[in-house]
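Take a look at these structures.
Each of the next two complexes has chain A plus one other chain: chain B in the first, chain C in the second.
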Partner chain A sequence: MSELPPKTSVRRWLVTTNHKDVGILYTVTALFFLIMGGMLALLIRLQMWEPGAQVLSGIAYNEAVTTHGLIMVFWFLSPFGFGFANYFVPLQIGADDLAFPRLNALSYWMFALSGILMGISYFQGGTLSTGWTMYAPLNVPMYTPSLGSTGAILALAMFVIGITASTVNFLTTIHHSRAEGMGLMDMPLFTWSMLATVYMMLFAFAALLAVALILLSDRILGSIYFSATEGGALLWGHLFWFFGHPEVYIVFFPALGVMLELFQSFSGNRLVGRKWVIIAICLISIQSFLVWTHHMFLTTINLEVKTLMMATSIGISLPFDLVVFSLIYTLIKGRIRFTTPFLFAFGALLLFILGGITGVFLGAIVLDYEFRGTYWVVAHFHYVMFGGATALFGGAYYWFPKMSGKMYDEFLGKVHFVVFFIGFNAVYFSMFLAWETPRRVFDYDPAFQSMHRFGTIGAFVLGLSFFIMFYNFAKSYVSGPDAPDNPWEYTRTAEWAVPSPPPLENWGGRPSYASGKLEFVSEALTTPDDDHDGPAAATDGGHGEDHIESYPYWDKHASHASIWPFALSLATGIFFFGLSGVASSFDITTAETLAGTGITVSNPVYPIFTAIGLVGLIWTAVKWGLEDFYAPPMEIAERWPFEGVEKVKLGMWFFLASDVIVFGAFISAAVFIRVAAGWYTWEPLTDSLPGLINTFVLLTSSFTVILALVYARRKSRAGLIANLVATMLLGFTFLSIKLWEWHHEIYDVGVTLTQNSHGDPVQATIYYVTTGLHGIHVVIGLLIAGFLLVRAWNGAYQEDSRPVEYFGLYWHFVDIVWVILFPLFYLF
Partner chain B sequence: MIASVLLQQTDGLRAQAEIFNEIFSVFLGLGTLIGIIVVSYMLWNAYKYRDDGSEPKESFDPPVLGELPTGKGGPKAKKLFLSFGLSAIVVISLVVYAYGLLLVVEEGPEAPGVESADMEVEVVGYQFGWEFQYPNGVTTQNTLYVPEDSAIELRVTSRDVWHTFGVPDLRIKSDSIPGQYSETWFTTEGGLDAGEEQTYEIECFELCGSGHSYMNGEIVVMDDTEFNDWYDEQAAALEEENDSGAASGNATATGNATAEGEA
Partner chain C sequence: MASDSIKLYALVYVALVGLATSKFVFFEFDQFFTYEQAFAGTMGAAALKGALIVGYYQHLKWENRSLTYLMAVALAFALLLMAAATYSIT
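So, the complex of A and B:
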């Protein structure tokens, strides 16, 4: 653990794990990506100035369209919302920090560095040019061969890794660290929106991770999922939109949360029908996973499914109606102050109403048939997603005084809103009027030229408006008046009860709502700054005592700095950069036997990066594991419904839930393609015996992992070591049998990743990739087991056996997956 | 609304453009109306309850910092449920109405009481163009010739990547996906004079590569007799080509073999 340097030091921003610092990093970086995505948008609009204009070539235009979409959706909208979430969710629920501060920093660095990989992809022979929806099979190397295309997808995968860490973190924080007296229903609505957002993210982004991994396997290893005519293209559609539709709400909900806060703060009224709004938000989160085929109404999906999805799609407008009406009725009989934050929130609601109404059009299948692939869709989702983001700018003005400690310039803020609102409607409403233009086409019908020109001018006005905001914030940060703790009159949430900006550890005393309103309880325990020596503090009514017993370092000071999140992300970035070109650097000449197979390396640069990245990844992960970083769980907190569950265990369960979706997507892909190919036309590729033996091997290893935990709890070093060794040996046995089986299939039977002497080649692809993903899980498990073994050898885990337990959870999960894969690939 | 659904099922085959125009006007009319009502109500209340600096009314009870949030019940909550109920009625009727029209579009020329399609054409998308395969084996590139006054069924697929076949003026569209066949249909009007042609532009609606913007085609509607002449002519030409094609195909094969032998 290292000390946290001052804010003026660059090193501070590389090592900080404090949620407020990370929140600022997120916000600033997201605004940087707003500029990047915005520049691309302006290029697109210039190309639309006249039909068939050639500002960009056809392929460059496609690249601009693709990266504009990807950057805005992934690298701007969500991270901008997450910047505020990082800063204010812990403050709103009365926590000291997020549950896993280092993991939080890791999420940020994965996001920031993946954005840089995305930028680099432009210089790797051109980036992805498939549109942000990346439809198959245009996304396979046969049609988009550039290294940059692979680089862009790797960047996306890296981003998703960061998101997964972030969702686990927020879910654990919100469920584990709420101040005393704050039940789930008592949480402020911004936090509620974020909770719904991260629940959706946990499952939706897992599906995106799975589909990105399959695509990367197609692009790097040469498997043939998405080029398969046995439903490969449709498979992409289903998996992508299973993620893609919840994603719309994922980017909208943080903005909705801001609206819900700001409508209350600037009208002086409490939210109307608060309970029902929360129920509506939960309903939308669930229903968002049941509407995805409305993006695929024109494919060959049957009428029954389409009708069902039409009903759910139009039906999802109902909970939104309730939220919108609630917002409007909240204004009534209030004292509404039209400050900049409220103007943006109010404008956002206006834009969202328009986006919502035009969305109902798209839900009706017959209308969707016509709107599909036109500017109606483009206009609609900009009104919804960017219209929503309008509220986030309101949030930026609302929280700027808290985050910076300075007041912004109100006049400039209002000017920004007016210019923004005019520009916004000029560019996107003109798209409704020119809706018959096909999307992503620049050689359009000249009849729409005046509309598109009008839109282009609007786009430049819109872009300009942000420079007013940047100037305002920069000027105010340097020379603005100091902000009071609570510059707004009718705020309710706890972030306004602490200084602007809040101190490093947020609170002067332990925040508690036990009496029904916020109070700060002074206890030595919660102010470690003042008190380094008092075990007496542990006597606060019995609540926290168990916890304190189980933390041997209970009186230590919480850590706020670690370089390893940055280092681990950097290693991942280098590794992924190497991977983007590795496929084109090797030339593998196949032969009859493994020994005869030759590898020629044509270009060593990418393989070297891959190797350095991989070594760095393992090294930084080990350093991370060894670092003495102390992030204590709150002793007294509301944890419903996870009262009895320890913090890291809860995080582990959330992570495994997302991994279930990853494997679920792989297994669904296998089943989907097999059904498309004709289920009974496939026989198992392999003998069932090696698979059966492996099943027993893995099940036995699950047993030894339990024994390891039992011995660790008995403080038996020898027993722990023996059982870890046994687990690892069983793991290696599993891998050896697996490798033997692959070798046998490849060299004796003639089944490779792309060839199948028995039948359908895609069957071979599915077999290798799915069992390969499971194999990678086993390898990662073995690496962790090796780490535990070395530490156990040195005497660790005698006092605290929990790391062994959490490793066990992971290992059991990997075993259970195998129990599902075994019948799928060996029996039927 | 329900009555109009019932009517459509009995009154023969309606063009997709006609159905689209009806449902679009209904949605647009209703959407505009609801939009104007909601937005004006919102703006009016925002104006009415603005903070004008006057003394707050006694009933005004703002939240205080640090309170545990509570919702607001009372008359406002009743209003909330009333508006929610109204919107539910609108939304559910729209689903039912849209479903009725969907059935008409889905069944197309196969609907009971309508004579079956006059011609079925297979459409194959490729980078960057459209191939049309007629029942007699004739193929054309980028231009689909059809006779007047008939119902045409299209089975759309792709040879390489995902495209979307669309004819804006006919309001028809269908995804063109490798390995999949999706179907759509259209009708042509009668009453063309000899030599007269009617054309509709075909566009691609799914990003399919560098030439996506230029992936256009045409549907040409011809006078009946002219179409038949053209169709027979093409068939004859095709037969001729096949005869000589078999010979030249052999020649090519031999050529390849030689080339390989030399290599």
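So, the complex of A and C:
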């Protein structure tokens, strides 16, 4: 652990793990990507100035459309909301920081560096040109062969890895670190909105990670999932939209949370129907996973599923109606103050209502046949996603005084809103008026030219409006008046009870809502012995807080600095950059035997980057594991519904829930393609005996892992080491059998990644990729086991066996996955 | 608090090995089982194995029940994706 440098030092921003710093980094970086995505949007609009214009070449236009969508959805909208979430969720719930500060910094750096990878992809022979939905088979190398296309998808995968870490972090924080007396229903609505967001992200982004991994397998290894005639293109549709529809709400909910806060603050009134709004938010979160095929109405999926999801799609508008009426009625009952933040929040509501109503048309099968593939869709989703996100700019003005310690210029803020609102409607409403224009195509009926020119002018006005905001914030930060703790007349959340900006440790005393209102409890430092019967036992109905005893934080300060999140992310970025060109760097000469197979390296640059990145990944991960970084859980906190679950264990379970979806998507892909091919036409590719032996091997390793934990608890160093060694040996045995099996299949039977002498080639692809992904999980498990073994050899885990238990959770999960894979690939 | 009984974990291990073997038997002795019966038996054994591992080795049996619900939701979403996607092409 190193000390946190001052804010004027660049090093501060590389090593900080403090949630407020990370929040600022997210916000500023997201605004950078807003400019990047916005410039691409202006290029698109220039191309639309006249039918068939050639400002950009055809392929460059497709690239601009694709990366504009990807950057705005992934690198601007969500991270902008997460900037505020990073800064304010811990403050709103009375926490000191997020549950895992280093993981939080890692999420940020993964996001930032993945965005740079996305930018680099432009210089790798051109970036992805498929549209942001990346539909198959356009997304396979046959149609998008550039290295940059692979680079863009790797950037997306890296982004999702960071998002997964962030999701686990927020879920654990909100469920583990709420101040005393703050039940779930008592949480501020922005925090509620973020909780629903991260729950949706936990499951939705896991599906995106799975589909990105499958696509990367197609692009780098040469597998044939999405070019398979056995439903490959439809498979992409299902996996992508299982993620894609919840993503709409994932993007919108942070903005909704801001709207809910701002409507209260600037109407001076508590939200009408608060409890019902929370229920509606929960309902929408669940329903968001039940509507995805309405994006596939024009495909060949059957009418029953289309009809069912048409009904569920209409159904999801009902809880939204409740939220909208609650917002309107809150205003009616209150006394509105038309400040800049409120104007943006109110504008967001108007724009979102229009976006929502126009979306109902797309949820109806018959109408969707007419509207799909036109500018109606483009206009609709900009009104929903960007319109909703308009509230985030309101959030920026609302919280700018808290984050910067300075007041912004109210007049300039209002000018920004007026210019923004005019520009927004000029560009997007004109799309409704010219809705028959085909989407993603820059040649269109000249009858729509005036509308598109109007839209292009509107786009420049919209773009200009942000520079008013940048100027306002920059000027105010340099020379604006100091902001008081609470510059608003009526607020309901805890961030306004601390100085602007808040101190590093957030609170002077321990925040508590036990009396029904926010109080700061001054407590003398207690000792671990005192604590056992004292404050900790008083929380959460007396649930055992025995894990607290393991954190001797009475003699240490929490850590706020670590270079390893940045270093690990950088190594990942280098590794992924290398991977983007690996496929084109090797020439493999096939032969009858492995020994005869020749590999020629035609371009060493990418393999070198891959190797450096991989070594860097392992090195930085080990340094991370060895670092003395201290992030104790809150001593007294509300933890319903996860009382008694230790912080890291809770995070581990959230991660495993996400991994269930990742493997679930891979297994779903296998089942889907097999059904498309005809279930009974496939026989297992391999003999079942090696699979059975490997099943026994993995089950035995699970047994040795649990024995390792038992011996660690019994403080038996020898027993712990012996069982960790046994686990590793069994893991290596599993991999050896697996490699032997692959070698046998390739060189004796003739089944390769793309060739199958017994039947459909895609069957071989599915077998190798799915068991390969499982094998990678085993390798990662072995690396962790090796780390634990070295530490155990040096005497670790005698006093604190929890790391062994957490490793076991992972290892057993890998075993459970094999329980499904064995019958799927060896018996069925 | 999870059990520290090696005997209990050994019994679970024996059950797991038995269930794994049963899957193999279902398909190796196809004179006794139809494909559908073997399929159903194997999936049943797999479900039981998964429950034993997660319940005992991952200690979910002794944990806060909310963790079980969390994993159940994840599993339900995965099954929903598989079922709806597959049914959509029938």
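FYI, the second predicted complex is superposed on the first by the 801 of 828 C-alpha atoms of A that agree within 3 Å, B and C clash if a C-alpha of one lies under 4 Å from a C-alpha of the other, contacts with A are read in each partner's own complex, and residues count from 1 in each chain.
The definition used in the following text is that a contact is a pair of C-beta atoms (placed from the backbone, for glycine too) under 8 Å apart; a residue touches a chain by one contact, two chains touch by 3 or more.
Quick caveat, the model's predicted, so the values are computed rather than measured.
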Touching partner for A:Gly273 - first (chain B), second (chain C), both, neither: first
First (chain B), second (chain C), both or neither touched by A:Leu234: both
Which superposed partner A:Arg714 touches (first chain B, second chain C, both, neither): second
Partner chain(s) touched by A:Phe703 [first = chain B, second = chain C, both, neither]: second
More chain A residues in contact - chain B or chain C: B
Partner chain in contact with A:Ile820 - chain B first, chain C second, else both or neither: second
Touching partner for A:Phe828 - first (chain B), second (chain C), both, neither: second
First, second, both or neither for A:Val671, with chain B first and chain C second: second
Common ground on chain A, meaning residues reached by chain C in one complex and by chain B in the other: 231, 234, 296, 300, 676
Chain B-touching residues of chain A, taken from the complex the two chains share: 52, 57-59, 61-62, 65, 129-131, 133, 135-138, 143, 181-182, 186-189, 228-234, 264, 267-277, 296, 298-300, 303, 306-307, 310-311, 314-315, 317-318, 321-322, 324-326, 328-338, 346, 349-350, 353-354, 357-358, 360-361, 363-367, 369-370, 372-374, 436, 438-443, 486, 489-492, 494, 496-497, 513, 516-519, 676
In the complex with chain C, residue positions of chain A that touch it: 203, 207, 231, 234-235, 238-239, 242, 289-290, 293, 296, 300-302, 304-305, 641-645, 650, 653-654, 656-658, 660-661, 663-665, 667-668, 671-672, 675-676, 680, 688, 692, 695-696, 699-700, 702-703, 705-707, 710, 713-714, 805, 808-809, 812-813, 815-816, 819-820, 822-823, 827-828
In the complex, chain B residues that touch chain A: 16, 19-20, 23-24, 27-28, 31, 34-35, 38-39, 41-42, 45-46, 49-51, 56-57, 59-60, 62-73, 76-77, 79-81, 83-84, 87-88, 91, 94-95, 98-99, 101-102, 105-106, 127, 160-162, 164, 166, 168, 171-175, 177-182, 203-214
Chain A-touching residues of chain C, taken from the complex the two chains share: 4, 6, 9-10, 13, 16-17, 20-21, 23-24, 26-28, 35, 38-39, 42-43, 46, 49-50, 53-54, 56-59, 63-64, 66-67, 70-71, 73-75, 77-82, 84-90
